[in-house]
Amino acid sequence: MTHAADLPVWAALLTGFFLILGSTLTLLGSVGLLRFRSFYERIHAPTLGTTWGTGGVLIASMIFHSVLQSKPVLHEILIALFVTVTTPVSLMLLARAALYRDRSEGNDGVPPFEAAAESRNERRRSSNT
Amino acid sequence: MELIVAIAIGVLTGSGVWLLLRPRTFQVIVGLSLIGYGVNLFIFSMGRLRANAPPVLQAGAVLNPADHADPIPQALVLTAIVIGFATTALFLVVLLVSRGLTGSDHVDGREPN
Amino acid sequence: MSGVIIAWSVTIAQLLLLAAMACALLRLVRGPRAQDRILSSDALYVGAMLLLLTFGIRAGSTVYFEAALVVALLGFVSTAALAKFLMRGEVIE
Amino acid sequence: MEAAGHLIVMPIVLPLAAGAFLLLLDERRHVIKAVISIMSTLALMVVAIALLGSADNATASSGAATNSVYLLGNWPAPFGIVLVLDRLSALMLVLTSVLALASLAFSLARWHKAGPHFHTLFQLLLMGLNGAFLTGDLFNLFVFFEVLLAASYGLVLHGSGPLRVKAGLHYIAVNLAASSLFLIGVSLIYGVTGTLNMADLAQRIPAVPAQDRMLLEAGAAVLGIAFLVKAGMWPLGFWLPGAYSAAAAPVAAIFVILTKVGFYVLLRLSLLLFGVDAGATAGFGDAWLLFGGMATIAFGAIGVLASQAVSRLAGFSILVSSGTLLAAIGMADARVTAGALFYMVSSTLTIGAFFLLIELVERVQDPAANVLSVTMEAYSDDTQEDVADEEVGVAIPGTLAVLGICFAACGLLLAGLPPLSGFVGKFALLTAMVRPEPVADGVVVAGSTWVLVALLILSGLCALIATMRAGMQIFWAPIEGTVPRVLLLEIAPVAFLLTLCLVIAVQGGQIMRYMEATAQALHSPSGYVRDVLSAQPTPGPNAPSDK
Amino acid sequence: MTDETSLVLMIVLPFAGSLAVIVLPKNARNAAATLAGAVALIGLVLAAGSYRSILDRGAVRSDIQWLPTLGLDFTLRMDGFAWLFAMLISGIGFLVVIYARYYMSPEDPVPRFFSFLLAFMGSMLGVVISGNLILLVVFWELTSIFSFLLIGYWHRNASARDGARMALTITGLGGLGLLAGFLLIGHLVGSYDLDRVLASGDLIRSHGLYVPILVLVLLGAFTKSAQFPFHFWLPNAMAAPTPVSAYLHSATMVKAGVFLLARLWPVLAGTYEWFWIVGFAGMMSFVLGAYFAIFQRDVKGLLAYSTISHLGLITLLLSLGSPLGAVAAIFHMINHATFKASLFMAAGIIDHETGTRDMQRLGGLFRFMPYTATLAMVASAAMAGVPLLNGFLSKEMFFAEAIATHADSILDTAAPYAAVLGSAFAVAYSVRFIHSVFFGPLPADLPREPHEPPFFMRFPIQLLVLACLLVGIVPGLTIGPFLHTAVTAVLGSATPEYSLAVWHGFTIPLFMSVLALAGGAILYLLLKDYLARCEDGPPYLRRLRGQRVFERVVVAVSWRGARFMESRLGTRRLQPQLRLLVVVAVIAAAWPFYRLGFDPGRLTVQGADVSFAGIWAIGVLCALGAAWQAKFHRLFALILLGGAGLVTCITFVWFSAPDLALTQLLVEVVTTVLILLGLRWLPKRSTDVTPGLATTGARLRRYRDLAMAVTCGTGMTMIAYAVMTRTPPATIADFFLTKAYSEGGGRNVVNVILVDFRGFDTFGEITVLSIVALTVFALLRRFRPAPDNVAPPEQQRLQRAFDEARPYREAGDTVSDYLLIPAVIMQWLFPVIIVFAAYLFMRGHDLPGGGFVAGIALATAFILQYLAAGTRWVEDRLRVLPVNWIGFGLLLAALVGAGSWLFGYPFLTSYSGYVELPLIGSVPAASATLFDLGVFSLVLGATVLMLIALAHQSIRRLRASRIAAQGNEEIA
Amino acid sequence: MSALVPYPLLTASLLMMWVLLNGLSVGQVVLGGIIALAASLAMAALQPVKPRIRRWDMIPPLALIVLADILRSNIAVAGIILQGRRHARTSGFVMIPLELRDRTALAVLACIITSTPGTAWVEYHAGNGMLRIHVLDLIDQQAWIELIKRRYERRLMEIFE
């Protein structure tokens, strides 16, 4: 840890705090993933990790490197941005796929497709009148 | 650390070999991939393990070769990864074509009697 | 002092992330269905990405950053492909 | 650096450039592609012959550097990758280009249209082969092995069809596993010695401490297995007859040199790394090669007898040839090596010609086969490059006689019967093994050698019986007036290769002298090591970079 | 002309003639015969011309270097013995050519016949005048080959094929034995030169290798001369055209064996082993051959067995080891050649004129062809050993030798009785031949009306019969001097005194002759009726047919046995092959440790990091899980595989290899998509089969594989651990680290190695990638899915049906809804990834990155678009030309490499420096960057090509099934 | 201008990304500009529906709201996870009729909803604009509908339409 020794203590403390905060949130997310009982509940859990979990670690990293190199090191923002943009893609695709599979297998607790369709028909009716 | 990496290499190769000897083409391709990981780690380990010493030189710093991990195995692994990727792709397509032509996903193109 | 703080916090963070990955793996193994596994593998990737960032801090170097960036930007491609395979039985139509 | 100095790298760059350029052309422009491919191969042959000449003259003129060393990237050995031209590599280059020319010419009759990018794959195969023969670096050897294997994967599947794909699957699976072994071996050797350059390795191996030597040997042994898979040693070569007999004729023909790559590397490395100067590890693996080679000969001979299809017969004769060569390495004797080299040249040309011929004679057996089998595939929607259904060639009277003569020649060559080079090769090996020297010298021939002599002779008998059986079935079985349709373009390459077999038999004295010089150099590797490690980068004030 | 030239010409001319004849048109009978005859005649003249030199110098020699370092030179050497044979070969050859001109039918492809005949003549001459043992083998094998072609001349005929095959198999085998024997002789003598070998008899006979040598040489000689127990090929060879038999089976081919025995007589003869082996074979051949000959119905069959018998006689004579015996043997070789050639020709005339050779169908021909009949009778008499004919003289000498004692053994005791018995048999078959063909009632059902043949067909017989008479009556004036020259050449100083007189007084041999003549005649009288109607073959031994036994053995060994062995020693299945590979590799790797011991290195636990151990706990679980699940849960296994890859990637980061981590991650992503694309075309696999139901065999196999996997894993662990815990050797790495920046112009040493120090590796590596991509492309061009995969996946069908069943939905709504929002994001990521790829590319030389990862990253951008919007959508908008990108990349890399030639540097020498750009300032510029650009382009092209080619299958199937559906509708 | 720089905002963002990655210098800006432009041109080839942003000023407030919501949800969900099964909690689907039609805006909404722990975007029907989300701690369906529509949809519509 030759580099870290040069760091001011405040920066070190801040780095450590965010680091552990982020990791803890990520862990909590994973615990949720493990503990929630249905898939649709589980799908919420990882977002802890992808939002503030990632955010914490990224902030830690930004503080650490910026202070260490005495210049703003901000490229971590990109990671936050990318994670925010890409995670929904996989979660959306996955959730929809799960829903489809549950429906086609006729599992309980899954809203029927027709709910959405009916509402459309209602709207059509209302627009007709 | 060495022991962990060594065990990792062993497990990867062992699992790969087990799959390599299975009759289904998909098993074989997964096996080859696992062996690939094992072998790549093996090559990598031949340069000995060095934490926190990437062979990336600091601008302006005085160069001491002892501060850096051996770059050669890394270069070799890179080549091996690329070739491994290529051959995995090829094997995959060949097994698909074989499956298409023979109707079977057995490595011999037909179910054993 | 700083060195110690950083070292300890990195170690703790790594252990926490490791635990996170372990939970994800447990879910991955337990399933019960494909979508759970895919979801867990995504979580596994995120854990790995964060782990890579902690290396950057530990090493005081930014050379590991790109690997994390790759996970962030492209890691979802395989998850998306898996999910689409689940839904459509085919990745590219 | 003079322009001529760059000639060494041409056998690699030339086919690469040709292959890459072909990719930029439209797929349907078969003629121009064929022309480029042929020109490249011809140029390759010219280069190879020129290199052979220079390699042969090197020692004649001076006692200094006998091996031409080419420092790629202008980095000195052992750091950069070097190409080394000696008699052996020059010989392999010439052999490759000759076989390539014949196969390629043959393929122009129709095979080259049976799938996309045939010419590119073919050129890149040549690149891989030439690279493997020239490189002086162990890992670079792996890379070129992969180049040639990858191209061979593509070519073995060329034309597709269930049989080809099934055999190809086996071929690829086994070779992929072998490639892993290659990597394990190379890296283990690096881990123990810290170098990849072959000459540097030769220098470092004697100094490897005793407590590390088992690791070194394990690495070398694993590496050896990878090569033995390629060479088809029993029990690692069962994939070979299937893959070769399933491949398209010109592909199978050029593949004959592929097994010789295994032989080449084993010969090179066993003599360079574990030769006379290797200290405690000298002679490592020789016994395994000897007995493995003998087992291979036996299995190959049995397979030759057991083959119903002529193409399988040819495949098994590769095993016989391979086993012979492996056993010859195992003998670790310069005279045997010289004989083995002669034998190798002869058997390569022979089996190459045989594979080409088989396709032609099979048209005698089954006139329906005049139409290319791949066109019978019902299912191909966007294959505009498909071969037209028209029958290839015209029925030339006398074709049958020419084919018969060629077949007989192949039979004689395979059986090692006179008067062609097959006999000379086998005799060269045999006489070197039993050493016609007065017994007073106290020369004792080992029991295993007698077994090998017997195996060599009996394998010839098996080949004789099998080819005779096949030939009589094809040419003598009562057939009424079917004259096969064969193009001159198809028979000419066969005749060319067989004529070469005759020529090298007649010119045997000169060729043996070359082989003996080659073997001498291989068995005293210090010259190689010295030449490689003392090669200096090109200096110069205007150097692209100051090295 | 010098003697050397004439020697060489004697060999070269027949072969040249052979080549000249074969190119003649198929119907050029006269030209072919003339040319062949001329060649034979010239050979005869050349041979005759060198007689004087032989008398003067003992032998003429010609040395042409061929393979001097191997001791194989084109040495020709003609002494008296060889001369005698050369005369026979070319002389009888000439007569056979004349005969054949009239014998062969115009429908036959005659030029081929004469070509083979000439080539055979050349080979035979080669055998007799070779001065080098190996050269002798060369010609020896050539005689086998050309005799094969001649016997199989009428190959439409099954018996010709069988006969030819058997002849070549046996004589070929013998030839190889001979080669082995000669190699051993060479090993002992130190040279293959005939003169040196002939001078080394004592050395050879006293050496331990003598018996092997003897057996091998005898194998060659006996097979060639059709000696017991290899005699059976000769009768089968009678399917050959009669001129062939007249030539090969009287004077030449079969004589090669006994020629060789005589030639090597000074080297090999005289030992106990020689006496026993040669004597036994000779006696058996002599008696059995003669016995079998009596009972042949075919004229040529009778002559063939008679040949076996006479050659047995010669062999027997040679076995005795006495010089007089050798003289008799040589004499009988000549005599047999003359009378047997004429008899074969006569048999041919009979066949030619009547259409049959069956003696039970023939008879009374004397009236139709009295001239031929007379000639045949004289020749037969010579064969039977009737006085005043040449056969009598040598047989007399044989009897004299038979009664002499040579070695105290049963064989010696039996010799006189066997001699008389065999000779009596010979008389019997000779009489039978003459009587049943030329006398008795004229058969009614002959295929053709017989008459005398044309003059020139009979002419050769006349000459030969004349020779029989002249030699028989005045041997001393005719053959005497020449025989003496020949005998001296063989025996040298051991040449005994002998007399060729017709009359030696009332001696025991004369008595034996009379006994044999009388006995034979009586025997024929007794057997006459039986022979007129019996089955073919000798009584009691009819079932015992050597040839059938041989064929059964050959088929059993070379076909069924070989197939059995092949299936036992080899396999065509993949799993056993891979298993073997694993086993062999394990043994190979373990062997050095077994021999030299294993030192695992120190065990370090304190350095272990808990997190790292935890990471690998995950990795190990993933790997084992993937291995466990790959059969039934492919998707699961794929995900687990990804997990293992991820952990590997973390390991790379942990141990300072950022480039590896980057590459591994990207490759991982692409591989996953690739395999997913492939999963579409694999069969459904159900878990219905419970593992408990597996057979014991399957379970045992699984345990075995498990054991092998565990062994491999343990082995790798031990080796890796041992290396890692050892002090590293001085590696070449320091050079790279110190020179990377100063000379390679980059800080990322790994990248500098890849594009500069070891750029050649990368060069090859990208070639591999492009080859594989092209192969994938080529394969998928012809891809045909299995029937159960042709239809779209179940999900798509259900969703489509769902959409179609609802009035407010269009087919495809489900998928468009599904992808609507994700597709937007994926599209916007396209430029982002492009910039990212550019970033990775630009920084590669100094920091982790480079052309390869950049290429894959950009390829991912493309894949994402395909994934989001489908193949058509993308290809309507983007020009995706991966093959061109590959070609461009490869060419660019090659051009950058070759560019250094312009500056006089080797291939791939890099240029690095800084370029001053306006506004921007100093920018690093290295030719390696251009090289990397080639890599980038190629990797992009290859990755896209592979993925897209696979993706295209879906729409191809769709199109194909649509076309098929339309077709069905049209038909309906 | 729009022919040369088809997506100025995109180009600028990409340039920004480049600078973030490579550091700020004249050379990097020029190089990054070229690359960003090239990337936008590549994007143009895909012919995406071009979003029109009318109210730039509304973006920062939305971002702040979202960040705050995410932070709050993080705590909430963390609480739920830590409580485990002791706390009775129902989760369920909520159907929200959306008026927002701009695809880019919808994508942004999807990111917001998914990024907020406790809510997940499940399916959207383009035909009738019905969105189904899944809520981890569902007490009042209508409250969620109101929340989404008021807090996010309205603002997004202002920005994009």
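Order of writing sets the labels: A, B, C, D, E and F. Residues in every chain begin at 1.
In this section, contacts are C-beta pairs under 8 Å (C-beta built on N, C-alpha and C of every residue); 3 or more make two chains touch, one makes a residue touch a chain.
The structure displayed is predicted, hence computed values, not measured ones.
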| note | Neighbours of chain E that also touch chain A are C, F
| How many links in the shortest chain of touching chains run from chain D to chain F? | 2
| More C-beta contacts across C-E or across B-C? | C-E
| said: On a CA-centroid basis, which chain has its centre farthest from chain F's? | reply: E
| query | Just by CA atoms, which chain is the most central one? | reply | D
| chain E and chain F, separation of their C-alpha mean positions in angstrom | 73
| message | Counting only Cα atoms for the centres, state how far chain D is from chain E in Å. | response | 17
| note | In whole angstrom, the CA-centroid distance of chain A from chain F equals 13
| field | Between chain B and chain F, centroid-to-centroid distance (C-alpha), Å | value | 39
| In chain E, which residues are in touch with two or more of the other chains? | 572, 574, 578, 582, 638, 654, 658, 716, 723, 728, 731-733, 736, 758, 761, 765, 768, 771-772, 775, 779, 782, 784, 795, 799, 808-809, 818, 821-822, 825-826, 828-829, 832, 836, 847-848
| message | Please output the residue numbers of chain A that touch at least 2 other chains, ranges allowed. | response | 29, 31, 43, 45, 50, 75, 78, 82, 85-89, 91-93, 96, 100, 117, 120
| query | Which chain D residues touch at least two other chains? | reply | 139, 143, 146, 150, 153, 157, 160, 169-170, 173, 177, 184, 188, 190-191, 196
| task | Any two chains that touch count here, so list every such pair. | result | A-C, A-E, A-F, B-C, B-D, B-E, C-E, D-E, E-F
| field | In the complex, chain C residues that touch chain B | value | 58-59, 61, 63
| query | How about chain E: which of its residues touch chain A in the complex? | reply | 795, 798-799, 802, 806, 808-809, 814, 818, 821-822, 825-826, 828-829, 832
| message | Considering only the defined contacts, which chain A positions touch chain F in the complex? | response | 25, 28-29, 31-32, 35, 38, 40-41, 43-45, 47-48, 50-52, 74-75, 77-78, 84-85, 87-88, 91-92, 95-96, 99, 111, 115-117, 119-120, 123
| chain A touches which residues of chain F in the complex? | 17, 20-21, 70-71, 74, 77-78, 80-82, 84-85, 91, 93, 95, 97, 110-111, 113-123, 125, 127-128, 130, 132, 134, 136
| task | Would you pull the chain B residues touching chain E in the complex into a rising list? | result | 1-27, 29-31, 33-34, 37-38, 40-42, 44-59, 63, 65, 68-72, 74-75, 77-79, 81-90, 92-97, 99-101, 103-105, 107-108, 112
